[in-house]
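Let me give you the structure first, and then I'll get to my questions.
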Amino acid sequence: MTLSLIEGLLLVFVLGCAIGAAVLRDVLASLMAFAAYSLGISIIWVMLEAPDVGLTEAAVGAGIMTILFILALANTVRPQENGLFESLSVRTVVLVGAFVVVMVATVPSLPAIGADGAANPVVSGEVTQHYIDNAYADTEVKNAVTAVLAAYRGFDTLGEAVVVFSAGVAALTVLRQEVFA
Amino acid sequence: MSSDERTGLYVESTIIMTTVRVVAPFVLTFALFVMFHGANSPGGGFQGGVIAGSVVMMLAFAYGIDAAREWLDVRVVAALASGGVLTFAAIGLGTIVLGGNFLEYHLYEQFISHVVAYAIELVELAIGGIVASVAIGLFFLLAAGFGHAVDAPEDES
Amino acid sequence: MFELLNSHYNYFAVMLLLGIGLYMLIESRNLVKKVIGMNIFQTGIFLFFITLAFRTGGNPPIIKEGGGPYVSPLPHVLILTAIVVGVSLTAVALALIIRIYTEYGTLDEDKLKQLYYD
Amino acid sequence: MTESLRPILAILVSTVAIPVILSLKRRPNVREGVTLTVAFAKFAIIASMVPGVLSGTQYEFVLGQFATGIELAFNVDPLGLLFGLLASLLWIVTSFYSIGYMRGLDEHAQTRYFASFAASLASAVGVAFASNLLTLFVCYELLTVSTYPLVTHDETDEARAAGRKYLAYTFGGGVAVLGGTVLVFVLAGTTAFTPDGIEALATADPTLARAAFALLAAGFGVKAALMPMHSWLPDAMVAPTPVSGLLHAVAVVKSGVFGIARVVLDVYGPVTMKELGVALPLAAIAAFTLLTASIIALRQDNLKRRLAYSTISQLSYIVLGLALLKENALTGGLLHIPAHAFMKLTLFFCAGAIHVETHTDDISDMAGIGKRMPLTMAAFAVAAAGMAGIPLVAGFVSKWYLVIGALNLESGGLVFAAALLVSGVLNIAYFWPIVYQAYFESPEGHDEKPLIEGPFGGRSELRADGGDSDETHAASDEGEVPEPEHVDHLGKHDEEHEHHGGPPAGGWDDRGWRGGESTWFMLGPILTAATLSLLLGTVPYTAVFLRIVDTIVSNLPGVMA
Amino acid sequence: MIEQIPVLLVVLPIVGGAIPLVASLVSDRAGWPVATLTLVGQTGLAGLLAWTVSTSGTVSYAVGGFAAPYGIELVVDGLSGAVALLVAVISLGVLAYARKAGPHSGPFYGLYLLLVAGLTGMTVTGDVFNLYVFLEITGLAAYGLVASGRDASAAVAALKYLIIGTVGASLYLLGVGYLLAATGTLNMADLATKIGEMAAYDSTLVLTAFGLMVGGLTVKVALFPLHTWQPDAYANAPDTVSAFISALVSTVSAYALARLLFSVFTVEFLTAVPVARWALVGLACVSIVAGSALAVSQDSVQRMLAYSSVSQFGLVVAGFAIATPLAVVGATVHLLGHAVMKGGLFAATGVIERKTGATTVNGYAGMGSRVPVSAFAFAVLSLAMVGVPPAVGFVGKWYIVLGAVNAENWAVVAVLLASTLLTLAYFARLVERLYFAEATIHSKPDEAPVTDGSGQAVSFGMIAVVVIAAALAVALTAAVPELQAMLEDTLPPLLNQ
């Protein structure tokens, strides 16, 4: 698949929001940029035919995460910053740049976007094929994502539920509370 | 952070209150729909749980966080979170009791037919419960901030 | 080079997002912005997985008669989990930030270091 | 080989005593009783194995598997018996002496002291009886740990510095031993001691085998105080004198020498040593050490320091004897282990007695002290004579064999023999002035500090021992904070104790020859040790040690006559 | 029933961890009994499992009955069986300490059990993504536990831990992505065959995956220079938590690293790509030296112990990376032994602080007589850590060195041997101060000591934990042949012998 205009624009938007979140000095502005970023990302998920992930990202990333961030900001004082943008640290840019360059060097070895067959074992590998072939027979649900989530990789999902639960309990411990109140 | 500053976030508005009152049941229904319908279309326990949690947040925005906190029993939140985990675990352990492996849903077939789908729905519901209650709990916790109970004496015995 | 960009554009975006996230993690003095950076870093990784799952002309993996080909459901499941993990971490991080602010009165990393090592 | 509980019993008896001693903190008399009982028991157990070992029996005890292919096992062979018998015998002597010394100075932390002593002895006997390199290493490290509290006993800055240095050097040596052990294990597939060497080592990669030997020799060489790894030993003289005596003349340094002996005789074996060409460098280092240390000893004014350098020198006699790989030299070297132990113990005990009674540590302060402490100085003279190799004392016999062995060498023998003889002369040069001063000079007619003000020597404020540098202990010395049980048992505080070092204002008083000079707790051990060195010098076979040595040497077909 | 134990080991602490939150609504002190009951069961199960593994070999378990590459597989072999047992035993032991030392809140015990669940999950899983999930459960629980202290600094340390830990885990996840891109599978055994078949060992995808996954885990293990979260976290957490996480969190991460090396990438990969092995060995050696150097320069005892972990894990990782059977046995022994020793040491610092108020190296001066039992245990544990035989610290080192010699890797041998002296450098000064220096803190023992603010005294259970740890540090040596026998069936297939 080649880069379409709309995808290109979306990517530019998402990257722009991310950069905005990074360079905007004001925390609330940065947070808003991040919320927009999340929204953009969730659209990307949908365009990549991952509606489940898109829905989750919209509900979680753009929704609840933003609310939690705002609550945190409400409980802390927004620092009065002068200047719209953060100053750029050359040292860190070089450091991070080196990391990015190394990672970019690995990109050509990745399968092209949308490739299938032997080039992309993720979509054409036996594991994915098994899921698509057997999901309904094994689990009686049509959504293969749900089938994998709850049945084939149900143990992961138990772990995932425990992660959420742990986060709740950890927040209680962090704020030294006995109950959610 | 003192409590009057916290309530300062909240401005009472009849329009919002009425809207929320009307919308809330629908949102809750939608949440359950997303939770249950995950089997055959996008969605599932997590997404549904988050939406369900957002109902309480909407109420909190409309009626004030303290009012919402009073309205919602903390025990329900805790029970829902722990109960969700325990339900999930129990579904898995049940299949062990029936002689299979953990989470081997089809062993429940001997009681009800097409049980795998139901079991998955139940799992989704459990997850939804956990997610919703933890989201609500986190919401209250973060809204309350740190400090109002910090000086509570630790058990010294 | 353009060829590569055209066929691998998402991956380049992934690396850039990782870079931006990492930059924020290292350089942002405000703790809340650090946490935002952490999220951007993680979503970069999510994009990596979801792009891997995609196939040209594929449909969402909701199985129906003649509905294929489907994109791979596996990375979607992984990323659903990872998103939930991410939001959980963020929640705990924010709880920590609230506590740190209440105790120290600042979210500035440099000021905090001074207070912390006193 | 015979399965027997005796080797492990010999080790356990003092191990078990440790908690008992620690629990008797409030009852010093019982505590010391326990120490003595255990010391006798230990000696008895070890001595009971002597006839068997002499007739060719070996007592073995396997504690368990330590690691793949390596057992934690103890085996009493003649070489082990030599060291074990010596250590346990001298523990008895030292225990008596310790009681007199520690109570005489009213030292602090005596319980820790006696407990550490018991632990040290358990480890030392473990070293003696270990049946493979790894077991030896285990005990060797435990010996380091258990002697550390003794070295640092004083708790002064100086003592702590000495302790640190001691730990650094000996653990450094331990690391080298470990490295060597691993190499030997990898090369040979075993580390078990085999008379005449482990066969597989002879065929192993010679470079690695040499490296392993160098590591082992260097590692054990630290405790054997081979130069340039010797400098912990003079510093460790800060410890109480009985510690210096037993541990730094007997157990610790001898465990190093013993380790080298094991490596030379039972790991590599003389033949492999010769093939690898590692014997000559070792001999050269030993010869260098024994000469250099003797020269440095000349410059020391502090008596214990001079003794320490003498120790460094004498230990190298033993190493030289081992490294020459000749039957006679070997006999001499091995016999020098007990011979040196008896003589050096006597000397240290004498130094300690002088310290307790007169608080004198420097040789330049000792003019005429023979009048004050006649028996002590007589014993000192005997032992010093032995050190120099004068006949009738133990040192003569061992040195005789050593020189004969050196002369038998095909080439270079004269060099080594000359080194031995020159060192003997130097021995006389640094011991004779002490004896001469003690008996034939008086404080008045004696020049202040006649000796070279060396880098170590001559500091009169050097408190090489005792707890008197600490205010509280100085106070308890004067009986202000009397601990009744100490006083009533010992009942003797020397009137000179306030005076620090050197003769009192009116010169030394005359205490006569009937023991008025000190307590019998101290005199007894001194005279016993001196007697033992005389016995070993006059009737070496009857004194058993030479017979053990002969058995060892006769078990080694690889040794060239 | 026995074949169900792998999954029960994970589910039991999850169930236990869910209870205190509701139970605390009924009673404030329900947390401890629930945790104890759960962990007693856990220890029993883990013991049974370890016994099963050592008698009848590797146990594998298909969760949900779905066969391996499609479902999640749990695999318990000698290595994971031993680690699972360690996790159970230590968490039970620390619980005895926590009873008095606190914190006492219900959520604390919930989190405690969730941490056990996460650690056990990491240990038994045979799936690289499942490992990530449990890694994050472990992380979340650990962040929360670190912040459970009263001190504000605990929150700062926890946030630092969270941010760095998340980056580490995310890098690991990205590495999983690269492996997925190369092979399309997540099951460890399946990956082991497919890497090499579907993607060459030295292909960019596999190499990147290796770098990212190993890099991510070394953050969690806290190897130098990725250790920066660790001293803050260990030193600022409550004593109970310090003892717990210092004993287990890095330990299980190091285990996961080993699992990754042997069960996913396999030794063939290390042989085919020597640079990967040497990079890891080099990192480990740097960690040994730098960790020791940093430990020497610390004034706070807990920070010193934390840096000591940096150094000791260098030793463990070096053993794994050398990957000869002996070295792996040694690394495993040291991994388990270090957990006991370090946990015991942190527990001892807690007792000493509560009794005397001493927290710094200088403050420890003269405490040998004030807190004789704990100080003695501390000294024994220190010596064991230095590697004085016959303590278990020595045995591990012995095997690792033996393995390095077998691999004829002389530079590593030198570093490994020198590590003894490096460790000695920071422990000796502490032990010396404990026993041979004038006290600098002169409060009477019965006066309220300067503690972390909780003002609590010390219970018998706390001292017992310290003493038992010291005894174990020596006694475990006797169990080494047993462990080795257990690993004998496991290692050959792992190491392609």
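We just call them A, B, C, D and E in the order they show up, numbering each chain from 1.
In this section, a residue touches a chain if its C-beta (ideal position, glycine included) is under 8 Å from a C-beta of that chain, and two chains touch if they have at least 3 such contacts.
Not measured: the values here are computed from a predicted model.
Novice: Among the other chains, which touch subunit B and subunit E together?
Specialist: Intersection of subunit B and subunit E contact lists gives A, C.
Novice: Ranked by contacting C-beta pairs, which pair of chains comes out on top?
Specialist: Highest contact count belongs to chains A-C.
Novice: Let me check something: if the centre of a chain is the mean of its CA atoms, which chain is farthest from subunit D?
Specialist: B
Novice: Going by C-alpha centres, which chain is most central here?
Specialist: Measuring from the global C-alpha mean, the nearest chain centre belongs to E.
Novice: Hey, how far is the Cα centre of subunit A from the one of subunit C, in Å?
Specialist: 4
Novice: On a C-alpha centroid basis, what's the spacing between subunit B and subunit D, in Å?
Specialist: Whole-Å distance between the two chain centres: 77.
Novice: Which whole number of Å gives the spacing of the CA centres of subunit D and subunit E?
Specialist: 44
Novice: Approximately how many whole Å separate the CA-defined centres of subunit A and subunit E?
Specialist: The answer is 30 Å.
Novice: For subunit D, give me the residues that contact two or more of the other chains.
Specialist: Counting only residues that touch two or more other chains, subunit D contributes none.
Novice: Show the residues in subunit A shared as contacts by 2 or more other chains, in ascending order.
Specialist: Where subunit A meets two or more other chains at a single residue, that happens at 51-52, 56, 60, 64, 68, 71-72, 75, 103, 108, 110-111, 120, 122, 124-125, 127-128, 131, 138, 142-143, 145, 147, 149, 151, 153-160, 162-168, 170-172, 174-179.
Novice: Which positions in subunit E touch two or more other chains at once?
Specialist: 7, 11, 14, 17-18, 21, 24-25, 28, 63-64, 103, 129, 133, 136, 140, 143-144, 147, 150, 155, 158, 180-181, 186
Novice: Taking the top-of-page definition of touch, could you list the pairs of chains it picks out?
Specialist: So, checking each combination of chains, I get A-B, A-C, A-E, B-C, B-E, C-E, D-E as the touching pairs.
Novice: Mind listing the subunit A positions that touch subunit B in their complex?
Specialist: Residues of subunit A touching subunit B: 51-52, 54-56, 59-60, 63-64, 67-68, 71-72, 74-75, 138-143, 145-147, 149-151, 154-155, 157-158, 160-162, 164-165, 167-168, 171-172, 175-181.
Novice: For subunit E, which residues are in contact with subunit C within the complex?
Specialist: On the subunit E side, the touching residues are 129, 132-133, 136, 139-140, 143-144, 147, 152-153, 155-156, 158-159, 162-163, 166-167, 170, 173-174, 176-177, 180-181, 186.
Novice: Spell out the residues on subunit B that touch subunit A in their complex, using ranges where they run on.
Specialist: So the residues of subunit B touching subunit A come out as 1, 6, 9, 34, 38-44, 46-47, 50-51, 53-54, 57, 69, 74-75, 77-78, 81-82, 84-85, 88-89, 92, 102-103, 105, 114, 116-117, 120, 123-124, 126-127, 130-131, 133-146, 149-150, 152.
Novice: Under the touch definition given earlier, write down the residues of subunit E that touch subunit A in their complex.
Specialist: So the residues of subunit E in touch with subunit A come to 7, 11, 14, 17-18, 21, 24-25, 28, 63-64, 66, 69-72, 103, 105-108, 110-111, 114, 117-118, 121, 129-130, 133-134, 136-137, 140-141, 143-145, 147-148, 150, 155, 158, 178, 180-186, 198, 203-205, 208.
Novice: Given the complex with subunit C, which residues does subunit A contribute to the contact?
Specialist: Per the stated touch rule, the residues are 1-3, 7-8, 11, 14-15, 18-19, 21-22, 27, 30-31, 34, 37-38, 41, 44-45, 48-53, 56-57, 60-61, 64-65, 68-69, 71-73, 75-77, 79, 86, 89, 92-93, 95-97, 99-100, 103-104, 107-108, 110-116, 120, 122-125, 127-128, 131-132, 135-136, 142-145, 147-149, 153, 156-157, 159-160, 163-164, 166-168, 170-171, 174-175.
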